[in-house]
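Below are structures written as structure tokens.
After this come two complexes, each holding subunit A, first together with subunit B and then together with subunit C.
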Partner chain A sequence: MDYTFQFGELLPYSDLIARGVLSTVILAIVTTVLGCLLGTLGAAARAGKQTFLSRAVGVYVELIRNTPFIVQLFFIFFGLPTIGIKLTAGEAGLLAMVINLAAYSTEIIRAGIESIPKGQLEAARTLGLSRTQTFTRVVLPPALEKIYPALTSQCIIVMLGSAVLSQISVEELTFAANFIQSRNFLSFEVYMVITVIYLLLAILMRQGFKLIHYFMFPNLRARS
Partner chain B sequence: MSLVSINNVHKYYGSNHVLKGINLEIGAGEVVSIIGRSGSGKSTLLRCINGLEAYSEGGVVVDQMEVVYDDRQIRKLSKSVGMVFQSFNLFPHLTVGQNIMLAPKLVRKLPESEAKVIAQEVLAKVGLAEKIDSYPAELSGGQQQRVAIARSLAMNPKVLLCDEITSALDPELVGEVLKVLEDLAAEGMTLILVTHEMNFARDVGDRVIFMHQGLVWEEGDSKTVLANPQTPELSKFINAVL
Partner chain C sequence: MSVFSDWDILRNLLLAARWTVVLSLIAFAGGATVGLLLTMMQVSGRTLLVRFTRLYIELFQGTPLLMQLFLVFFGLSLMGLEVSAWFAAALALTLFSSAYLTEIWRGCIESIPRGQWEASRCLGLSYFEIMRHIILPQALKVAIAPTVGFSVQIVKGTALASIIGFVELTKAGTMLNNATFEPFKVFGMVALLYFLLCYPLSVASRKLERKLNVAR
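So, the complex of A and B:
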């Protein structure tokens, strides 16, 4: 092998890579916040009585979990304009990511809700708490605590999945890599660099989740 | 005027007839022990008194409120009827103080400061004032159950329902919980207990109700009933548990 690595050749593109990182981070943060919020609402609907709403959420969850993300993305970006819904690449990408994470987090959070012993609900009920109060104050916090690791992983998976957005020209990290590679053909160097960046982002995100966990669940600190 | 009035209550689980026409009048300040074998309907009856369980026929009136299986009515009832469970059911993510203050703040709409005063009062009553900032997992079973009692007391109920509240405890922890109940009884709190603690039923309780096959099989003054059972079923039961 007589190839000389030329990582130095990437320096002129550092701005592009930095902008790519920034886009990926923003997509990840907005998706995580909106996806988990919608997932909580979805789980609340799924965990309650069988109603039209809970069944509709069920259909949505199955639809998203059983189809490829890239197809969902293409449908939103290329398909929806046909019926008059035109979104920019960034909007379409973000929407696809939120819809995707919300579906998965609905199922994850629902599992947490269903793990709460019935006695907790009966205690809340005999104390006179309303259904909403019981859900937000008694059921949800320990439910989230239980499924927190699974939810963390899912959020990171969706962040990494944002790479697919490069296919509809969202200028995130992978888009930047593709662009640079098409200019200087340094595929190994470029993809090596963004691999490391994705790895760092994922580790950073996991640490961020740990930090939030620390403040969200003070009871776990007391026990250890 | 009875505080709790149960009129010809029937309850079916599918085709299983678990309560077969229960009639009971319980006055304010009474300490009533419901005893009987498992499956005799004791817990079901208790749960019909605060609407955790819907009865199929008959009527239950508590503190002049009809008990119906309806969310709003149950919330109203919660101001008169407290309940303590076998498995404590403290909220694990909240401190002892937060567990107690939750309902006074959310249901009675008291400000934090007033709720805190109440929490301190009821905790002192069960002898756990210093545990206000602990989490349930840091307490022993007996302490957790005393906190659960305190949490019910914070809503200032007129009657406290206790569903086998010492059955999940290690033997050496039972005494501290029964002591709290004894103090409450002495203060005039109305207590309805499903229990296997015969000594407590006899010494602290005013009245014993023996349930068998979904019926009130025998009832009366606790000392008399337990000393002189009139039915073979009750004597058999007493021999088995004592």
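So, the complex of A and C:
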């Protein structure tokens, strides 16, 4: 293999890459917040009695979990305008990511809720807590704590999945990579650098989640 | 210019779905083979081997599958190999799934209580005898449900092969969309076909999990 790597050729494009990183980070943060919130609501709906709502959420979760993200993205970006819902590429991408993460986090958080012993619910009810109070104060905190690692991994997977958004011309990190390699044809160098950036983002995100965990579950600190 | 009826669209999608299935099977077989090797390295206890597999898993789980596809696709041609989208997709998906399968299987093997290792050692069994007769038969049972569950991820992962130009279900969908301008219908059908491929696997994984839990 006689090939000289020309990583230096990428330097003029550092601005573009930086902007790509920024969009990917913003997408990841917004998706994580909205996705986890919706997931909590979805899990609350799923955990209750078998109502129409809980069934509907169940169907939604199964539909999203059993189809590829890129197809969901194309459906939202290309398909929805034909029924009158027009979205920019960025909006469509964000919507697809939130919908995707919400489905997975619904399932993950539901598993956490189901792991809470029934006795705790009964005790809370006996103490006179309302249904909402029971859910937000007794059930949810330990449930979230239990599934925290799984939720972290899923959020990171969705962040990495955002690479696909370049396919509908959202200007994120992979889009920057595609653009640069179309200019200087150094495809391997470009994708190598971008891959390393994604790896760093994933590591950073994991550390960020650890930090949030530290502040979110203070009672854990006391124990350990 | 020919006009596409609904049946034409569905027929073409079904024909392309074959390649999704074939690619999934190849990726799963390849991923399982490499994954098995890596799992063996991971549980061997040799520091160097364990570190290598840790790094391997970290790399493949910490980067987008799309980037892995691009790197394999462009990297191999850089080395002077003529690669088809077919081969690049199969290789990238193999590497990707092997990382996840290794992680799953390591967990399964480690779920077997340490005491069994010690007991087997006391009975004078060698490492391979312990693996073959004591650990693997039990770990295999634990591994079935999550492995079937992960196969759903592989099927969905093959959709990304469309980006490097491999004509499978998703690529056929975009091509048909370009010809018919009916994205709602076309991508709806594509999603439905993926669902039909993946949902049975998801259900099977859940059923197996429940069944094997009761048995224990």
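Convention: the second predicted complex is superposed on the first by the 224 of 224 C-alpha atoms of A that agree within 3 Å, B and C clash if a C-alpha of one lies under 4 Å from a C-alpha of the other, contacts with A are read in each partner's own complex, and residues count from 1 in each chain.
Heads up, the rule we're going with is that contacts are C-beta pairs under 8 Å (C-beta built on N, C-alpha and C of every residue); 3 or more make two chains touch, one makes a residue touch a chain.
Note that the coordinates shown come from a computational prediction; the quantities given were computed from them, not determined experimentally.
Colleague: Please tell me, clash or fit, for subunit B and subunit C sharing subunit A in the overlay.
Modeller: They fit side by side.
Colleague: Now for A:87: first (subunit B), second (subunit C), both, or neither, which partner does it touch?
Modeller: After superposition on chain A, A:87 lies in contact with neither partner.
Colleague: Considering only the touch criterion stated at the top, classify A:198 as touching first (subunit B), second (subunit C), both, or neither.
Modeller: In the superposition, A:198 touches subunit C alone.
Colleague: Roughly how many degrees, to the nearest 10, is the angle at subunit A when you join its Cα centre to the Cα centres of subunit B and subunit C?
Modeller: It works out to roughly 100 degrees.
Colleague: Between subunit B (first) and subunit C (second), which does A:142 come into contact with in this model arrangement: first, second, both, or neither?
Modeller: In the superposed model, A:142 contacts subunit B only, not subunit C.
Colleague: Does subunit B (first) or subunit C (second) touch A:123, or do both, or does neither?
Modeller: Only subunit B; A:123 stays clear of subunit C.
Colleague: As a test of reading the superposition: which chain, subunit B or subunit C, is in touch with more residues of subunit A?
Modeller: Looking at subunit B versus subunit C, the one contacting more residues of subunit A is C.
Colleague: Give one of first, second, both or neither to describe whether A:111 is in contact with subunit B, with subunit C, with both, or with none.
Modeller: neither
Colleague: In the superposed arrangement, which partner chain does A:72 touch: subunit B (first), subunit C (second), both, or neither?
Modeller: In the superposition, A:72 touches subunit C alone.
Colleague: Using the touch definition from the top, say if A:34 reaches subunit B (first), subunit C (second), both or neither.
Modeller: neither
Colleague: Could you grab the smallest C-alpha gap between subunit B and subunit C in the overlay, to the nearest Å?
Modeller: 24
Colleague: If I apply the document's touch criterion, which positions on subunit A are contacted by subunit B in one structure and by subunit C in the other?
Modeller: none
Colleague: What residues on subunit A touch subunit C, complex-wise?
Modeller: Going through subunit A, the ones touching subunit C are 1, 3, 62-63, 65-72, 74-75, 78-83, 156, 160-164, 166-167, 174, 177, 187-188, 191-192, 194-195, 198-199, 202-203.
Colleague: Taking the touch rule as given, give the residues of subunit A at its contact with subunit B in the complex, in rising order.
Modeller: My answer: residues 117, 119-120, 122-131, 133, 137-138, 141-142, 145, 217, 219, 222-223.
Colleague: Under the touch definition given earlier, write down the residues of subunit B that touch subunit A in their complex.
Modeller: That would be residues 50, 52, 71, 74-79, 81-83, 85, 87, 89-95, 102-103, 106-107, 134-135, 137-138, 148, 151-152, 155 of subunit B.
Colleague: Where on subunit C does subunit A make contact in their complex?
Modeller: Going through subunit C, the ones touching subunit A are 58-59, 61-68, 70-71, 74-75, 78-80, 152, 155-160, 162-163, 170, 173-174, 177, 182-184, 187-188, 190-191, 194-195, 198-199, 202.
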